[in-house]
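Each remark here refers to the structure printed beneath this line.
A, B, C, D, E and F are the chain letters, set down in written order, and residue numbers restart from 1 in every chain.
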Amino acid sequence: MLNQKNNDNFLGGPQNFEESDIVIFGAPFDSTTSYRPGTRFGPKSMRSEFFGIETYSPYQDLDLADFTIYDAGDLDLCFGDCSYSLKQIEDMASEILAEGKLPFLLGGEHLVTLGNVRASAARYPDLHILHLDAHADLRDDYLGMQLSHACVIRRCHEILGDGRIFQFGIRSGDKSEFEFAKRHTYMNKFNLEGLENTLEGLRGKPVYLTIDLDILDPSVFPGTGTPEPGGLSFHMLLEGIMKITESMNIVACDLNELSPTYDSSGISTMTACKLLREILLSLSAKQL
Amino acid sequence: MLNQKNNDNFLGGPQNFEESDIVIFGAPFDSTTSYRPGTRFGPKSMRSEFFGIETYSPYQDLDLADFTIYDAGDLDLCFGDCSYSLKQIEDMASEILAEGKLPFLLGGEHLVTLGNVRASAARYPDLHILHLDAHADLRDDYLGMQLSHACVIRRCHEILGDGRIFQFGIRSGDKSEFEFAKRHTYMNKFNLEGLENTLEGLRGKPVYLTIDLDILDPSVFPGTGTPEPGGLSFHMLLEGIMKITESMNIVACDLNELSPTYDSSGISTMTACKLLREILLSLSAKQL
Amino acid sequence: MLNQKNNDNFLGGPQNFEESDIVIFGAPFDSTTSYRPGTRFGPKSMRSEFFGIETYSPYQDLDLADFTIYDAGDLDLCFGDCSYSLKQIEDMASEILAEGKLPFLLGGEHLVTLGNVRASAARYPDLHILHLDAHADLRDDYLGMQLSHACVIRRCHEILGDGRIFQFGIRSGDKSEFEFAKRHTYMNKFNLEGLENTLEGLRGKPVYLTIDLDILDPSVFPGTGTPEPGGLSFHMLLEGIMKITESMNIVACDLNELSPTYDSSGISTMTACKLLREILLSLSAKQL
Amino acid sequence: MLNQKNNDNFLGGPQNFEESDIVIFGAPFDSTTSYRPGTRFGPKSMRSEFFGIETYSPYQDLDLADFTIYDAGDLDLCFGDCSYSLKQIEDMASEILAEGKLPFLLGGEHLVTLGNVRASAARYPDLHILHLDAHADLRDDYLGMQLSHACVIRRCHEILGDGRIFQFGIRSGDKSEFEFAKRHTYMNKFNLEGLENTLEGLRGKPVYLTIDLDILDPSVFPGTGTPEPGGLSFHMLLEGIMKITESMNIVACDLNELSPTYDSSGISTMTACKLLREILLSLSAKQL
Amino acid sequence: MLNQKNNDNFLGGPQNFEESDIVIFGAPFDSTTSYRPGTRFGPKSMRSEFFGIETYSPYQDLDLADFTIYDAGDLDLCFGDCSYSLKQIEDMASEILAEGKLPFLLGGEHLVTLGNVRASAARYPDLHILHLDAHADLRDDYLGMQLSHACVIRRCHEILGDGRIFQFGIRSGDKSEFEFAKRHTYMNKFNLEGLENTLEGLRGKPVYLTIDLDILDPSVFPGTGTPEPGGLSFHMLLEGIMKITESMNIVACDLNELSPTYDSSGISTMTACKLLREILLSLSAKQL
Amino acid sequence: MLNQKNNDNFLGGPQNFEESDIVIFGAPFDSTTSYRPGTRFGPKSMRSEFFGIETYSPYQDLDLADFTIYDAGDLDLCFGDCSYSLKQIEDMASEILAEGKLPFLLGGEHLVTLGNVRASAARYPDLHILHLDAHADLRDDYLGMQLSHACVIRRCHEILGDGRIFQFGIRSGDKSEFEFAKRHTYMNKFNLEGLENTLEGLRGKPVYLTIDLDILDPSVFPGTGTPEPGGLSFHMLLEGIMKITESMNIVACDLNELSPTYDSSGISTMTACKLLREILLSLSAKQL
């Protein structure tokens, strides 16, 4: 009469923290979302629907059943207090990193990335960021606020400095953001062209991978706070991510901006789940 | 770094089977639903949203935090095989009853009741049924099938015989069902009038309480497979249920027919959750 | 290998025009709807979902299976040409009336009533109208247009004159409409009070019954073009209609303003279907 | 070629601040919402749909066209910074009060009330609060945060002290809130009983009226962040509000917690608009 | 006063069984659907919306008005009894085949294919299957059940044996299914590459074409039970199907897994209807 | 205390008619829509959500903040009276053209184009039309009506004559429309191939650009009255439009057929807004 079934973690069965190289945790936070809130339901929706996809990947011929991954659940974040929430995320990530494991953060809005990056940069001073997104997220402030989803990569830049951030797929921002990018980051607009060159240059570096799912076309991923027409197909994104995970030394990463309420068909959640499966498999296979 | 949070049981925290007088389990089954399927998502939706209501009831001045209730999770039922699914439900209920505990079943379609009733009648030969529903569920067969949600009370009657089933709120059925009721059950059409008299007569008997949530008006509970206009308000149903739980010897019970897909506002799930809270509190308080 | 099943009429089986006292026809028209269009889908949605309710009524202990009613299907109306559409409705109704049968019109927006009333008044010069609605529909013109859903009862008044129109449930309109009502119609605001007195006075007269389903509270009937909070419950409306059909000489009638697109739960269509069943049964039983 | 039409204020036409006794302003803020965010879209949705109801009220026989009310639009609030947002609300309200006008605030989540109450209490030291709500909102903190929608009346109590706050309709909260209410506020659970006595005692006092629309039953008002089954009907709430506005000296007020995303039928927005119309008419008529 | 209009068959007008080479029938069955049920509404939704597309195809310069196709309507299948439902489908298909006509089955879930294949294999012992799908459907059992949508092609393999089944577009399954495919079927993963070679080899053979519409990308076809990201565009699928219908000897076929409830925009139903039109035109033109 | 914020025009700030070269106005009209109405809400939805995209375009490196564009708001059109509505549109466009400005019309259904074309052809007798659409819109009448969305380009042809209309992307129509096109217009089916040749030939001519947004694939743009599978991607359409606006002498244009009700995700409105931004920027930059 055990209640294993409603142990709603991604892998369904019993978990083993010690043997896991990757630790998933959710940050259900969307307090600074400026357009349409709801990414707080992202991690919960992914856990709830993950059973709807297979554990086996025909793309990689790998099966999650063959790996040990720990799902630490969601943090209890306080809506309306960004600084404290970021601190909670940073503490969790630091703890995971201290155990020599990879913190895999599920947002929530993109601001949550800052907590994970702070912890990662503390442990890996030479950290570089690969940023896949529709939006530049390079504002200095948004409506007077510096801790905002629209400023998150700018805040990361303050930690890492020039030449450490590589942005792909960017198709939206204000003029100042694109000008900032010209001077301080590498930015490839609209798609993933140039990704291979970038990966060549980053080989061997510790890399933080942050994926804002709105890089996908809204037809593929309508369930997000700020849909931006003209994005990537699922195949383009999957191919790009596989190139990254296979060749880079990923030390921490995140997947964010799923807002399931805006997609009554549920395809956005399935897309997030399938990408999660592929990333987990690729990262896990390398550690064998 | 424990993952207590995604232990998505109704009470959130750690569980203790031994100390619990009530054991909740879900039967996510809707294979015989004839109109609109989807009640399979009922228990999952209730677990997922239960955190959205308080644990404290201002109606009863009681708090779930003060009681120990065990949530055994959902059964793994096979879609398309009714007999086997009912057997799984019966086995689970029998096991709970054998421990001297009350099996609280969450449907699923109404057919699941049959498994719980079979187990309960085996343990309590003098079992009586209180049936709150919009539909009579008294057909002998439905499209040639005897194990159907439209036949469930008829099947219960075959177990218990005349004079043991008391139906309230019934406002739909075919002519033969209403004629069957005249001869074999007590039926109060449309509302809960006469409930107090019935309860008077049942005092001291072992009672199975089955609640098809479509007894509520569709305005209050649109998220169900077969909405039937002209039903009860939330207050009317809550008041009736409280009368039952306070005065009856409930030995097993169920709450069924929540189909969350049909209610994008989510109010049906909240209604099911709030009724669950009130029933759990009322039953638990009696056992103190 | 006959294709009886997709003969999507209300009664499912083969039809017999000669033996039918009532002829149903749909007018899928919403060209003058000013707020939210979509009532064109009303009749189609009702035919599609009618199988979801029983043919037997426990309210009246009558079964549609025991009566012969003819469903003539929907008219092919031209969107954007009100005069011609009204003419098509009038012609259909005249043809039905000429056969001594009752034309039962399913809207569409409320303007369609005018076609049916024109035909009925031509045959029954002493026609009176019972009008159940949230809106007065008494404007002389709406944005310069005289053939508008907001003017339909005013147009009927031009045909019938003072003292022939009795309005119930009205809770919305502009000031001029309520002033017009004081001088030219009988109007009972907000509910059905006074209905019995009115029925007393109309006994023996030929009566046209027009029901705008938005007389119901939006909680009960959200699927309508102009929802107006503060309306009737299902029970109140059903009880009022039963009083009317049982005591009045109904010569023609309509049920309109179902707009299923605005109600993803489907409860509005079920409500319209159930009211249709009850009216058909009540009218048919009288003719036995 | 003027663009008066897209001047999307509530009264449609040109505005006159000087002649207006009432000034409406919106606070599109939901950063502390703990369950389902989205009330930020409340004021916008109301402005957008207000044209869908008449300006004339058959309940009061009054017409908005006969009064001058100023709609100042929505504040530009920064998501994620509660203190600063509340300051902006307070400043706006103070400015309106300084002109001898009534600040009519449209939320947003219930926390916005605090800004308006601060300004009102500063101007009217003897301020009393009439609080209509499903939730007690009396927590000291929520997940460690004191500026939360769940704490807003507790914060108001810190300003006003015992005996100044009168709560009606409350049907949800944790145990400590109900205990706090016993000692520090007047609370009537579940409905509006006792309202007349309260009004008797408040006659002549300066009163702040705060209406959390979730006091309504979710069937009537599904479009809200935290739906709570078992609430008031539209008629019950309208009747209660009319008693208040007719007899009290309302110096400031608010209407909050409309979250239109959760109600695809749009009836929640229409309900909020109709209540707004009735309150504006009642308050305006008194000042004639 | 004929009711031709609500004769809701695909071609609208009167039908002629004798002259038709193709007979359409629906199997509204979804009892074994494991993730999200609702394909039972597929055929009904297609019939209801088919009028929304033209009868003329600019792709083929052909018009349905120039051909005679018989729509036999939907079978009355019993939910919850898979064996009997499959028998009903098989009987219907056998009857159509016996008349020398092509049975065109509309699902429902993919399991319905088995009934049509059984009848076709009985008549054409050399039957080959072309299977377009996102899922392999090659499990031996699913949760202990052998008659499941996830096993349907495996069951077909038991009838036809090795070398007779050709699968395209497959991008999901468990590991054992892909291993089974290596030994017993031809499988092309992810897309339609290699289709022309396959068609070359099948020339002249009797071919059963089964199309699970979830082969399409979820952006194009969200209304399905198990959406699988990374699928075909409409153009890719249409082009592939045209190659098949033009060159193959199709003796029976099906189109399945439309679940309209999950797509409130209705584009999935339109996509299914347009593909149906193109297939019907292509098959009909060959028989001229 | 100014209410600038709810001045819901596209550019947010104060407006200057004199300095604007482009004047936007909306025609919220859908009375002749034959399948699914609702495009009346198109302009309102675009104004309401336009703030959700940036004013800066990374595609063109231009910012709307650097240009002066006048938004005249929406016309008050009478539903159900097509001739008068078209006259209102024509008058508005004539007035704008008389000032030497470009009338940018936002539909509404496609019929509204006729009013704008009438005015434009009166001012530019040598007018040519570039027509991007899924549908040919070349019927002589639709259900007997000549002023219908399905006939709008045919009506334009009556004004302009042969050789003046160039149609792209057309993938639906009845046979007669495609035959009419062969004789009287230039039509490129399915996509934008041949656009460059056409533009070459039109260089220097006054061109009217009409964009029916259903030229996009329904996956990209589900929110439209008549979705037609197999359309353009966002990139393909944007690229085509940019070629047109950069090289052609556009004297008037329109963007129509957004029907937001059918897309609960909101991505269709965002797509329309982004295309509007790009067109406005491209046209404005040329006039510098």
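A few comments on the model shown:
Quick note on the criterion: contacts are C-beta pairs under 8 Å (C-beta built on N, C-alpha and C of every residue); 3 or more make two chains touch, one makes a residue touch a chain.
Small disclaimer: the values here were computed from a predicted structure and weren't measured.
Note on connectivity: the fewest chain-to-chain touch steps from subunit A to subunit C number 2.
Common neighbours of subunit A and subunit E (chains touching each): B, F.
Each chain gets a centre from the mean of its Cα atoms; the one farthest from the centre of subunit E is D. Centre-to-centre, using mean CA coordinates, subunit E is 38 Å away from subunit F.
Listed for subunit D are residues 36, 76, 217, 219-220, 264, each touching two or more other chains. Every pair of chains that touch is listed here: A-B, A-D, A-E, A-F, B-C, B-D, B-E, C-D, C-E, C-F, D-F, E-F. Considering their complex, residues 35-36, 170-175, 178, 189-190, 217-220, 222-223, 226-230, 262-264 of subunit B touch subunit C. Partner subunit B is touched in their complex by these residues of subunit E: 30-34, 36-38, 40, 76-82, 84, 142-145, 147-148, 261. The touching residues of subunit A, when paired with subunit B in their complex, are 1-9, 15, 17, 23, 44, 47-48, 70-76, 95-96, 264. Partner subunit C is touched in their complex by these residues of subunit D: 52-56, 58-59, 61, 63, 217, 219-220, 233-235, 238, 264-267, 270-271, 274.
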